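As structure tokens, the structure follows; a few thoughts come after it.
Chains here go by letter, A, B, C, D and E, matching the order in which they are written, and residues are numbered from 1 within each.
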Amino acid sequence: MAATPLEVRNIKKRFGDTEVLKGLSLEAQKGDVITLIGASGSGKSTFLRCMNLLEQPDDGEIILHGDAIRFKHTRHGREPADWKQVVQMRAKLSMVFQNFNLWAHMTLLQNIIEAPIHVLGKSRKEATDHAHALLERVGLSARANAYPAQMSGGQQQRGAIARALAMDPEVMLFDEPTSALDPELVGDVLKVMRDLANEGRTMVVVTHEMSFARDVSSKVIYLHQGLVEEAGSPDDVLGNPQSPRLKQFLTPNY
Amino acid sequence: MAATPLEVRNIKKRFGDTEVLKGLSLEAQKGDVITLIGASGSGKSTFLRCMNLLEQPDDGEIILHGDAIRFKHTRHGREPADWKQVVQMRAKLSMVFQNFNLWAHMTLLQNIIEAPIHVLGKSRKEATDHAHALLERVGLSARANAYPAQMSGGQQQRGAIARALAMDPEVMLFDEPTSALDPELVGDVLKVMRDLANEGRTMVVVTHEMSFARDVSSKVIYLHQGLVEEAGSPDDVLGNPQSPRLKQFLTPNY
Amino acid sequence: RDYDHVRIGVDVPYVPMEYRTAEGDLTGFDIDLGNAMCEEIGVTCEWIEQEWDGIIPGLLSRNYDAVMSSMTINDERRQQVLFSEPYITMPSAWFAASDLDIDEANEETLEGLTIGVQRGTLQDNYVTDNYGRVADISRYSTADDMVLDMDAQRLDIVFLDFPIGQSTLIENENGDYVIVGEQITEPKEYFGDGFGIAFRQRDQALADKFNDALATLKEDGTYDEIYTRYFGDE
Amino acid sequence: MPDISAWFNDLLSGNLIFTPTTLGYYWDGLVTTTQLVFLSLVIGLVLAVPLAILRSSKRKWISLPVYLYTYVFRGTPLLVQLYIIYYGVVFFDGIQESVFWPIFREAFYPALIAFTLNTAAYTTEIFRGAIKATAKGEIEAARAYGMSQSLMMRRIIIPSAFRRALPAYGNEVIFMLHASAIASVVTLMDLTGAARYVYSRFYTPFEPFLFVALIYLCLTFAILFFFRFLEKKLLAHLKPQTP
Amino acid sequence: MLDLQGYGPRLIEGAGVTVQLAVLSLLLAIVLGLFTATAKMSRHWLLHRVATVYTTLIRGVPDLVLMMLLFYGGQIGVNAISDILYDHYDIDIYINFNAFAAGVLTIGFIFGAYMGETFRGAFMAVDNGQIEAGKAYGMSSALVFRRIRFPQMMRHALPGLSNNWMVLLKTTALVSVIGLTDMVRVAAEASRATHEPFVFLIPVAVAYLLIASVSEWIFARLQKRYDIGFGEH
């Protein structure tokens, strides 16, 4: 049996005096689509960023395919013991950001082939061929040579997804991928994500799009003040919420 | 009999190729509250700005207390012949702007005494005393020494009204004084304006607040594409609109 | 125009003709002689410092009324200014470090060397026209910059007013310098007729007064006294 | 017509300023100026990039020395720097015997060193500003895709900072060209040196300075033009355009 | 201890010249800069053209060359006129640029062009609504300028102004070529006379750094003053 692609256990994180994550765990099996929901400030982004160590968790474990990240304690707090390991691990966990964060000085194509060439060590030819296939897939073939500033938000986000896919990631992390978009552009991006889910990608998605969570995810986790308040299948969590807070959280969206 | 405080006749104005005002007239008798309503782009602001010559009308007359502004023709179009006259006239017509336009580098108190001292030539003492009375009146005594950036929108707008009042104007011009405000803050400003109306101030108000127009104004003018489409008492114009366009304009607000 | 106050332009330092003591007092042969002349004429004098580069334009543009700053009289300058009678004649000479092994300066011996001159001086013109093709020429704003670079061994040889080289190089303890070849006063087209005081062309009357004063001072022995003060008896 | 040509001949014959010899000086001056400015800019740029990276370091003991360097070189006149380097080096004992002497003997190299250190200081600060202004999100994206610190510097931060720094750097190039005019105080015959020479030989200040002023103006415009071209090419990505 | 060999007092005097020259030139440059910025924003084509030519030409030519041109050339021009008056009309007006005044005029004239650009940008950054409010309350253009546009513009202009000042301060080192005895010239002269450049040039460099630091502090204070009312409190 293949090991679990991503497992995180008991993640804790504090900023200054406030404990933002109070011990969160999550297990993503191959093909899982896990959505994280919760009010603003509940710690969703922070949790996601801890998974690929853009934030350093103060406690807890992160295990990729049975391989646990090693930590050490320094004057500045807990830090990864081996940054090489982190770099390798990040290459397997592709993140898609709320603000896309495409590199502004590169064309879309250059954005997509950058990490495969320089991080994975692919040949330029191979990376470019793959990139074109991915652009086709997200419907951006025509815009390969455009710069990010020349594209709409929706196009940029689809480009960012293509960039993430180019890493052949084991798990994709999405942090509110549609919340910076104009309403008309949201649909295109959600469609691409739905396709990814259907094809069996392992994904962890922070989102406010309840219909997306309901239709696509295999598991929904509701966070409240740094703790898991409810978790389970979308039908249970969204269709039949137990905690009063989750009920209230879901109300205005219906 | 005292002459009419403000009379404008047949104002025309074009920007480039498009004629924005196509001959508008208005007469404000002492104590009149005239509201201008109309769709966005119908020329309300432009009309108001022509009245105190922040825009130069291409044609038409502006008469204050029987005293007509003199114009001359130059290469750049029609211009006031005597800027001194314009400056004097503006001191009698106080404008309150949509974006308040309090001077950012002065405290509220300094904002209010600025023009009385430097334009009307009042003593600092006299101006300051008057300013404190006005601040009292608009409910901002506590904020006299605050800078505009430290105040909420509603406070800024009430401050701007106090600044306008400090000139002892014959006529006050308001350009959508509440439309840049959060809904909770609108009420305070409208209350101040209602008090002014009740006390017999002559006012010309561009507004989208139909209830204000209905309650307070002595005359409502509905502009459409640079022309007066309907004008009359609020009951007639708002309660019993004749033109289909005005009917349609009023519908969503009810 | 009648002057009762004459402003004289001078470029310092140029030891021993004009220089400042550390306290800032202006002194030197030109200064003492100039002051004596002014006294003789009965006018007050004011010395105004000006870098050599701009000394003639400064005169023409009336920053001062005369220039007394070791200026050699020659034809090029005569086109611009009016000169007094020469008040001293001064040869030029080559100076080099003693280990530069040449006896005479000519096209052959100077080949490939770096020659230092003061920019815009007659020495500059002479060297530029005669040796510009075979040697490198470095031009300096002041004679002292040149001495500094001789000490630094950036220059192989310099061409200077003889007494200046004498006092700044030969008597200098930082290096071991010698005179190369003879003192040079010919051809006149370069070396002119000695040092003169320069005036604007229109000020003939003023020049005449200075000429008269010079004659008087030479007669009554004042001139000799000042000369000995700076150059000893020879 | 003959009038005009006669007038023109008169002008040239009475004219000592624009003879083949003096034009030769101007030409040599132009060459010296160009060499000096070009070389100091290139070397300064090469120095400035690593310095800017060090200057951006969070560690005080790395960034502080670089800051001191830029502070001193930006805070004092280039003329003083030039004097100190030109006259100063010879006070190192035995420099004349060392292998460096051929370098320091010529006025060109001390001037080059002074100019290089000066422009490197300014350029370092320009780059530092640009590096600091790199969008946080782009850096996070780079980290999230497994880039190491050095790879990220090389591929993301520097290229994007370089482009952002371009307009300010263009100004610096022009300032450097202008600053190079002081080279003539240490005997260098650059453009200004040539003008000073012609002027002090013929006592006519106006023509030679006006002439070199025109040459400088042309050089300035050439630089402006070049940078405008570069910006158009390299800053294309900053201009939103609807397809 | 540093032995200045008797040149100390003259060095201090020179530093005085440097500071006075820099400050007066700055004032002139600010005035010229304000005129230039106004001219550049004016609708009058001639004013606009003249200002554009001024800023372009000045910024295209090195300070040193401009100084030579303006100083010598300007003087010779003035003299040509006074000579004509003298020769033909026997009018003896005596226009003498003293070197200090010439230095101030020249540097002020050069930096006026740079200031012009700084001010223009700053004026354009002032919110138009603020100006309209001034007009709407019957302020004349001059009053609007003095009470509203200028104080608000300064906030945007100060960073550029401070930059220009630093450059200007260092440019004063060039005035020795037009015969002014600033501190660089005294130091150069002293090092020639004593053959000890370090002893004199290093203190001068330190003096510049000192002036630069003090003025940085002053500018920071000014910025704080003009930032009042803007941004968060």
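Going forward, contacts are C-beta pairs under 8 Å (C-beta built on N, C-alpha and C of every residue); 3 or more make two chains touch, one makes a residue touch a chain.
As the structure is a prediction and not an experimental result, all values here were calculated from the model.
Which chains lie in contact with each of chain B and chain C?
E
Considering only chains that satisfy the touch condition with chain A, which of them also satisfy it with chain C?
A chain counts here if it touches both chain A and chain C, which gives D.
Among the chains, which has its CA centre at the largest distance from chain B's?
So the chain farthest away from chain B turns out to be C.
Which chain's mean C-alpha position is the greatest distance from chain E's?
A
Which chains share more C-beta contacts than any other pair?
Looking at every pair of chains, the most contacts join D-E.
How many degrees of rotation carry the C-alpha atoms of chain A onto those of chain B, rounded to the nearest 5?
About 175 degrees of rotation relates the two copies.
Distance from the CA centroid of chain A to that of chain E, rounded to the nearest Å?
The separation of the two C-alpha centroids amounts to 56 Å.
List the centre-to-centre spacing of chain D and chain E in whole Å, with centres computed as mean CA coordinates.
Distance between chain centres: 23 Å.
At what distance in angstrom does the C-alpha mean of chain D lie from that of chain C?
Each chain reduced to its C-alpha mean, chain C and chain D end up 37 Å apart.
Determine the centre-to-centre distance between chain B and chain E, using the mean Cα coordinates as centres, and give it in whole Å.
45
Where in chain C do residues touch at least two different other chains?
Touching at least two other chains: 53-54, 57, 60, 145, 148, 151.
Touching two or more other chains, which residues of chain E qualify?
72, 76, 177, 191, 197
Among the residues of chain A, which are close enough to touch at least two other chains?
Residues: none.
Applying that definition of touch, give me each pair of chains that meets it.
Pairwise, the chains that meet the contact rule are A-D, B-E, C-D, C-E, D-E.
Could you list, by residue number, the parts of chain E that touch chain B in their complex?
Going through chain E, the ones touching chain B are 43, 127, 129-130, 132-140, 143, 147-148, 151-152, 155, 226, 228-233.
For a test of understanding, state which residues of chain A touch chain D in their complex under the given definition.
Chain A residues touching chain D: 52, 54, 83, 87-91, 93-95, 97, 99-107, 114-115, 118-119, 143, 146-150, 163, 167.
Which residues of chain D touch chain A in their complex?
Touching chain A: residues 135, 137-138, 140-148, 151, 155-156, 159-160, 163, 236-241, 243 of chain D.
If we count contacts the way the header does, which residues on chain D are in touch with chain E in the complex?
71-72, 74-81, 83-84, 87-88, 91, 174-175, 177-182, 185, 192, 195-196, 199, 205-206, 209-210, 212-213, 216-217, 220-221
Any idea which chain D residues touch chain C in the complex?
Contacts found on chain D: 87, 90, 96, 101, 105-107, 185, 187, 189, 193, 196-197, 199-203, 205.
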